[in-house]
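Both of the next two complexes hold chain A, though its partner changes from chain B to chain C.
Let's turn to the complex of A and B:
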C-alpha cells in the first residue's frame, strides 16, 4: 500500500510539474501577477509530493518489503541499517528518484527564500526548474519505476553490490547529486535571464550563492568518491581518470569557472553573455554526467542501467536541454549589453584568464572522455584513454592557472599595475625557490615532477598569504590593528583564501603520492616478516570471521617503525555470499606524513597469502586540501552579503581600496 | 583600449590557448591512445612491440596457472575463436575467474602478451562492453552467455 502511495505521489508530481512549467511562464509573459504567484505553491507542492514518494521507497527498504522489485533486487534483510538507507539511492531507479527530489528541493528553496526576487524572474526560474523536473519525472515513470511490484514476493533480496556497502559511499551519491543538481538552479536563472533579456549585478548576486553551494557539495562528493576508491578498491589509487570520475569532474571545472565569472558580473557588470553560457555548459555537463553514468555506455560500478531505452531517453533530455538552451542563448544573448569596460591587467582581466584556462582544461577532459565513445560509434574501433593522456594534457593546461592564482587576487578591479602586483610577490617567490631547492637537495633521483609540484604549491600558498597580509595591511599598521582587521574580514575573503590554500595542500598531497609511493608485494605465511622503508611488518595470524552478511579472511599484521611498535593492521578479504562477490578491505594507518596501506589477496595459511604494502607519503593532504576547499565554500556562503534571500546591495559598497574590499 | 579591441584580444588569447591545448591533446593521443583488440583481430594484425594495447575476452577454462607463489599469473584470453596467452605480474582483481570476461592491458614482448593491468568486471552480471562486442563479432556471444 505504501509503495502505491509513493507511485501515486510521483505521478501527481508529474502533473504538478506540468502546471509549474506552463502557468508561471505564461503568467510572466502576460505580466499577470496571479498566474506568476502560482509558481511558489506549485514548487512547494512538487517538493512535498516527491518527498512523500521518496519516503515511501525508503520505508520499503527499511521494512525489507521484497514485494517491491527494486528492494528485492538491491537489498537484503541482513544488511546493516545504514546500507538499507543508502540502498535507496544505490540503484538506478532510486538514484533517479533522489535526483528529482534534490531538483524539487532547489525549486522549493527559490520559492521559500526568493521573496526579494522580481516576480517575473522568480516565476520564470521556478518554471524552468519545473521543466527539468518534468523531463526526469517522465523518465522515471516511463522507464524506471522504483515501485514496481513482484508477485510472488521473494523470501529475501539479492543484496546491494558489496562494493557499495561502505560508509564513504553511503554519502558520496547524495553529496554529488546536490552538487550536480544544484547547478540546475544556475541554469534556470540563466534561462530566465535570457527570457527576460536582462542580466545585472543583482542577478549575479542571486546566482552566486546557489552556484557556490552546489560547487561546495560537488567538491565534497567527488572527494568522498575518491577517498572511497582509495581505501575500498584495494589498489591504493585515488584518481583513475576513469570516464565516470571525469563525468563529475567536468561540471566541477566548469562550475569553478562559473563561480569566478559570476563575480565579474556582480562587481563590474561585464562578462554577462559568457557567464550565461557557462551556466548552460555547467548544467549540461551535469546532465551529460548523468547520461554517461546511468546509460550503461561506460563500463563501471556506477552503470546500473543497461537498458538501451533508458540511455536513449536521457540522451533525448540532454539534446533538448542543450539544444534548446543554446538556441535561446543564440537568439537572446546579443541583446545583453555589456557596460563594464575593463583593462586586461586588472582583477577582472585575471578572472577572464582563469575562465579561459578552466574552459580549455574542461575541453581536454571532455575530449579524452568522449573520444573513445565517438570513435566506437564512427568506426567501431575500440580505444581507451587513460591517465597518461590526462597527465600529458590537463596538467600542463592547469599550470598557468597556478601561476596566475597567486597574482590575480593582488590585482585591483578596473585597472591594475602588473609590476606593483609582481613586486608584492617577492616573499612568495623566495618561498617557492626555498621549497623547490629543498626538494631538489633532499630527493635521491632526478626529481623534476616533485620540484615543480611542491614549487607551485609553495607559490600558490605564498600568494594566498601575501594577499591576506595585504588585506590586513600587515606590518604597515600596528599588528594589533592588523589582527582586528583579520577578524573582521568578510566570510567571502576567508572563503577565497581557504579555497586557494586548499589547492596548494591538494597539490602537495597529489605530488607526494604520485612521485614517492613505494610498493612491496610478497607472499607470506603466518610468522613471516617483510620490510618496506622504515617499516617492518610481521604477519601474525590469518583467521576467518563471520560478519552480518559476509565472511571475512582477516590477516593480522604487527608493524614496527624503526624498531618501535607502530600499529597492528588487519586487512580483510570479504566474500558476500548472496552476490558471490569478494571485496578487498585494505588496512590503512594514516598520519600527517602519509599512509601505510596494506591489502591482502588470495591464499590460505598453508600456502601463504599475497600481501601488498604501500608507503604513500602525504596522501591525507589530498583529502585535507579538498575539504579545506569545501570549508572555503562554506565560509563564503556564510558571508552576509551573499546570504541567500537578502541579495541587496549594502549601502556602503563603493569606496575603500578594492583589495581590502573582499568577496572574491 | 576600445571594447572591440579588448574583445579581440580576449578571443586571440583564447584561440592561442585552444591551439596549444589541441597540440597537447593530439600529441597525447598519438602516444597514449590504447586500442582494444579481440584475439581474433590480433590474428590479422601486426602490433608494434612497444605499442600498448588492450586484449579482451573470456579467461579460458583451465588455463590459469600461477607461479612464484601467485605473484605471476599466466592465463589464456579467448573469444572462443582464437586465443592469446597473457602473462601478468601482480595481484589479480577480486572478480578475476576462469570462464569470465577480462580485459588485459600491456604489450607484446617476444610473442607473449605482458599485461601490466588486468581489469575484470565490477559485478556478477556485468560483462565488459568491449568483451561483449568481441564475442558478438566472433559469433560466440550466445554460447558465452549461456555458459554463465
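Let's turn to the complex of A and C:
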C-alpha cells in the first residue's frame, strides 16, 4: 500500500512539473504577475510530492518489503540498518528518485529564499528547474519505476553489492548528487538570463553561492569516493582515472572554472557569454556524469544494449537539454554586452587564463574518457585509455595553472603590472627553491617528479601566504594592526586562501604517495615476521569470524616501529555468501607523516596467507588537502556578501570597504 | 564572425551527439552485440610468455578444453577489483584461466601478479594491443569463455562479479563440458 502511495505521488509530481514548467514561463512572457506567482507554490508542491515518494521507498527498504522488486534485488533482511538506508540510493531506480528529490529541493529553495529576485527571473528559473524535473520524472515513470511489485514476493533479498556496504560509500552518492544537481541551478539561472537577455552583476551574485555550494558538495563527494577506493579496494590506490571517476571529475573542473568566471561577471561585468556557456557545460557534464555512468555506456556498453530503452531515453534527454540550451546560447548570447574592459595583464586576465587551462583540462579528461567510444564509432577499432594517458596529458596541462595560481590573486583588477606582481613573489620563489633543493638532496633515486611536485606545492603555498600578507599589509603597518585586519577579513578571502592552500597540501600528498610508496608482499604463516622500512610486523593469529551477513578471515598483526610497540592491525578478507563476493578490508594506521597499510590475500593458516604491506608517505594529505578545499568553500559561503538574498543589500554601498577588500 | 563563434559550442555538441546517436539509430553499432565473434573461432595469435616459468599463448593453445580468457593490465583499477574472484576460481579449480596482459610494462605486470597472486595457467603478452583488437576488447578487464574447439561462446565486459559467474558463466561452462552447448 505504501509503495503504491509512493508511485502515485511520483505520478502526481510529474503533472505538477508540467504545470511548473508551462505556467510561469508563459506568465513571464506575458508579464502576468499572477501566473508568475504560480511558480513558488508549484515548486513547493513538487518537492513535497517527491519527498513523499522517496519516503515510501525508504519505508520499503527499512521494513524489508521484498514484494517491491527494487528492494528484493538490492537489499537483504540481515543487512545492517545504515546499508538498508543507503541501499535506497545504491541502485539505478532509487538513485534516480534521489536525484529528482534534490532537484526539487533546489527548486523549492529558490521559491523559499528568492523573494529578492526579480519576479520574471524567479519565475523563469523555477520553470527551467521544473523542465529538468519533468524529463527525469518521465524517465523514472516510464523506464525505471522503483515501486514495481513482485508476485510472489521472494523470502529474502539478493543483497547490496558488498563493496558498497561501507560507511564511506553510504554518504558518497548523496554528496556527489547534491553537487551534480546543485549545478542545475546555475544552468537554470543561465537559461533564464538568456531568455531575459540580461546578465548583470546582481545575476552573478545570485548564481555564485549556488555554484559554490554545489562545488563544495561535489568536492566532498569525490574525496569520499577516493578515500573509499583507497581503503576498501585493498590495493592502496586512490585515483584510477576510470570512466566513473572521470565522470565526476569533469563537472568538478568545469564547475571550478565557472566559480572563477562568475567572479569576473560580478565584479567587472565582463565575460558574460563565457560564464553562461560554462554554466551550460558544467551542468551538461553533470548530467552525463550521473546518467551515462548509471546507464553503463562508459564502463560497459552491455548495460546499454541490455536496456536500450533506458539508454536511448537518457540520450534523448541529454540531446534536448544540451542541444536546446546551446541553441538558445547561439541565438541570444551575442546580444549580451560587456561593460567592463580590461587589459591582458590584470586580475580578469588571470582568471581568463585560469578558465582556459581548466577548460583544456576538462577537454583532456573528456577525450580520454570518450575517445575509445569515438574511435569505435568511427573505425570499429577498440582501444582502452588508461592511467598512462591521463598522467601524460592532464598533469602537464595543470602545471601552468599552478604557476598562475600564486600570481593571479596578486594582480589588480582592470590593469596590472606583471613585474610588480612577480616581485611580490620573491619570498615564495625563495621558499620554492629551498623546498625543491631539499627534496633533491634527500631523495636518492629519480628525484625529478618529487622535486617538481613539492616545488609547485611550495610555490602555491608561498603565493597564498604572500597574498594574505599583502592583504593585511604585513610589516608595512604595525603588526597589531595587521592582525586586526586579518581577523576582519571577509569569509570569501579566507575561503580563497583555504581552497588554494588545500591544493598545495593535496599536491604534497599525491607526490609523496606516487613517488615514495614502498611495498612488501610475502606469504606468511602465524608466527612469521616481516620487515619494511622502520616497521616490523608479526603475524600473530588468523581466525574466522561470522559477521551479520558475511564471513571474515581476520589476521592479527602486531607492529613495532624501530623496536617500539606501534600498533596492532587486523586486516580482513570477507566473503558475502548471498552475492558470492569476496572483499578486502585493509587495516590502516594513519599518521600525519603517512600510512601503514596492511591487506591480506588468499591463503590459510597451514599454507600461509599473502600479506601485503605498504608504507605510504603523506597519503592522508591527499584527503586533508581536499577537505581543506571544502572548508574553503564553506568559508566563502559564510560570507555575508555571498549569502542568498544579499544582492540588494550590498548593492546599496558598492564602494564600501568590505567590497573593495573582497576576496576574489 | 562573432555570431559563428557563439554557434561553435552547438556545432561541437552536434558532432559529439551524432557519433553517439547515429550508430544506435541505424543499429549498425557492433557494440550493441555481445561480441561479433560469438560462436566464431577465437583469433589465433602468437603471444610471448610474460613469466619465465609459465607458457605464453600460441594459436593452438586455445583448443582442447573449456577455459576463460581474461584481458588484464596492471594499470587498470577494475582489474584489481576483479582479481580476488579470479584467484578464487583458480583455487577452486572451477575452470582453467588464460591471461592476456594488455598494453602493459612487463615488470609492472609481473610485480602485480606477485603482489595479488597469479590465477592463470598461461599468460600471453599483448604489448601493442593488436590481439585485443582482434578479440574485440572494448576495455580491460574483459573475459571470454572459449570452448574446447577454440570458439568464443561468451563475452563478459568489465570486472567479473560473483553474480555473473554463478548465474551465467559457470552454468555455461558445465553445459559446454557436458557437450550440450
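Descriptive notes on the structure:
Just so it is clear, the second predicted complex is superposed on the first by the 645 of 664 C-alpha atoms of A that agree within 3 Å, B and C clash if a C-alpha of one lies under 4 Å from a C-alpha of the other, contacts with A are read in each partner's own complex, and residues count from 1 in each chain.
Here is the rule we go by: contacts are C-beta pairs under 8 Å (C-beta built on N, C-alpha and C of every residue); 3 or more make two chains touch, one makes a residue touch a chain.
The model shown is predicted, which means the values in this text are computed figures rather than measured ones.
In the superposed model, A:329 makes contact with chain C only, not with chain B.
Within the superposed three-chain model, A:242 lies in touch with chain C and out of touch with chain B [touch as defined at top].
Once chain A of one complex is fitted onto chain A of the other, the partner contacts of A:582 extend to both chain B and chain C.
Looking at the shared chain after the overlay, A:612 reaches both chain B and chain C. By the touch criterion defined above, A:277 lies against chain C but remains apart from chain B after alignment on the C-alpha atoms of chain A.
Shared-chain residue A:392: touches chain B; no touch with chain C. Of the two partner chains placed by superposition, only chain C is touched by A:319; chain B is not. When the two complexes are overlaid on their common chain A, residue A:138 makes contact with neither chain B nor chain C. In the superposition on chain A, contact of A:345 is made with neither chain B nor chain C. For the contact definition in use here, the residues of chain A common to its chain B contact set and its chain C contact set are 161, 163, 234, 299-301, 381-384, 386, 388, 521, 573, 579-584, 601-602, 610, 612.
On chain C, the positions that touch chain A within their shared complex are 2-3, 6-7, 9-10, 13-14, 16-17, 19-24, 29-34, 73, 75-78, 80-81, 84-85, 87-88, 91, 102-103, 114-117, 129, 132-133, 136-140, 157-158, 161-163, 165-166.
The residues of chain A lying in touch with chain B in their complex are 161, 163, 234, 297-301, 303, 306, 338, 341-344, 352-353, 356-357, 359-360, 363-364, 367-368, 371, 381-386, 388-389, 392-393, 396-397, 521-523, 573, 579-584, 599, 601-603, 607-608, 610, 612. On the chain A side of its complex with chain C, the touching residues are 161, 163, 229, 233-235, 237, 240-242, 273, 277, 280-281, 299-302, 304-305, 308, 311-312, 315, 318-319, 322-323, 326-327, 329-330, 333-334, 370, 372-374, 376-378, 380-384, 386-388, 519, 521, 573, 579-584, 601-602, 610, 612. By the touch criterion given at the top, residues 1, 3, 6, 9-10, 13-14, 17-18, 20-21, 24-25, 27-29, 31-37, 54, 68-71, 90-92, 94-95, 105, 121-124, 126, 128-130, 133 of chain B touch chain A in their complex.
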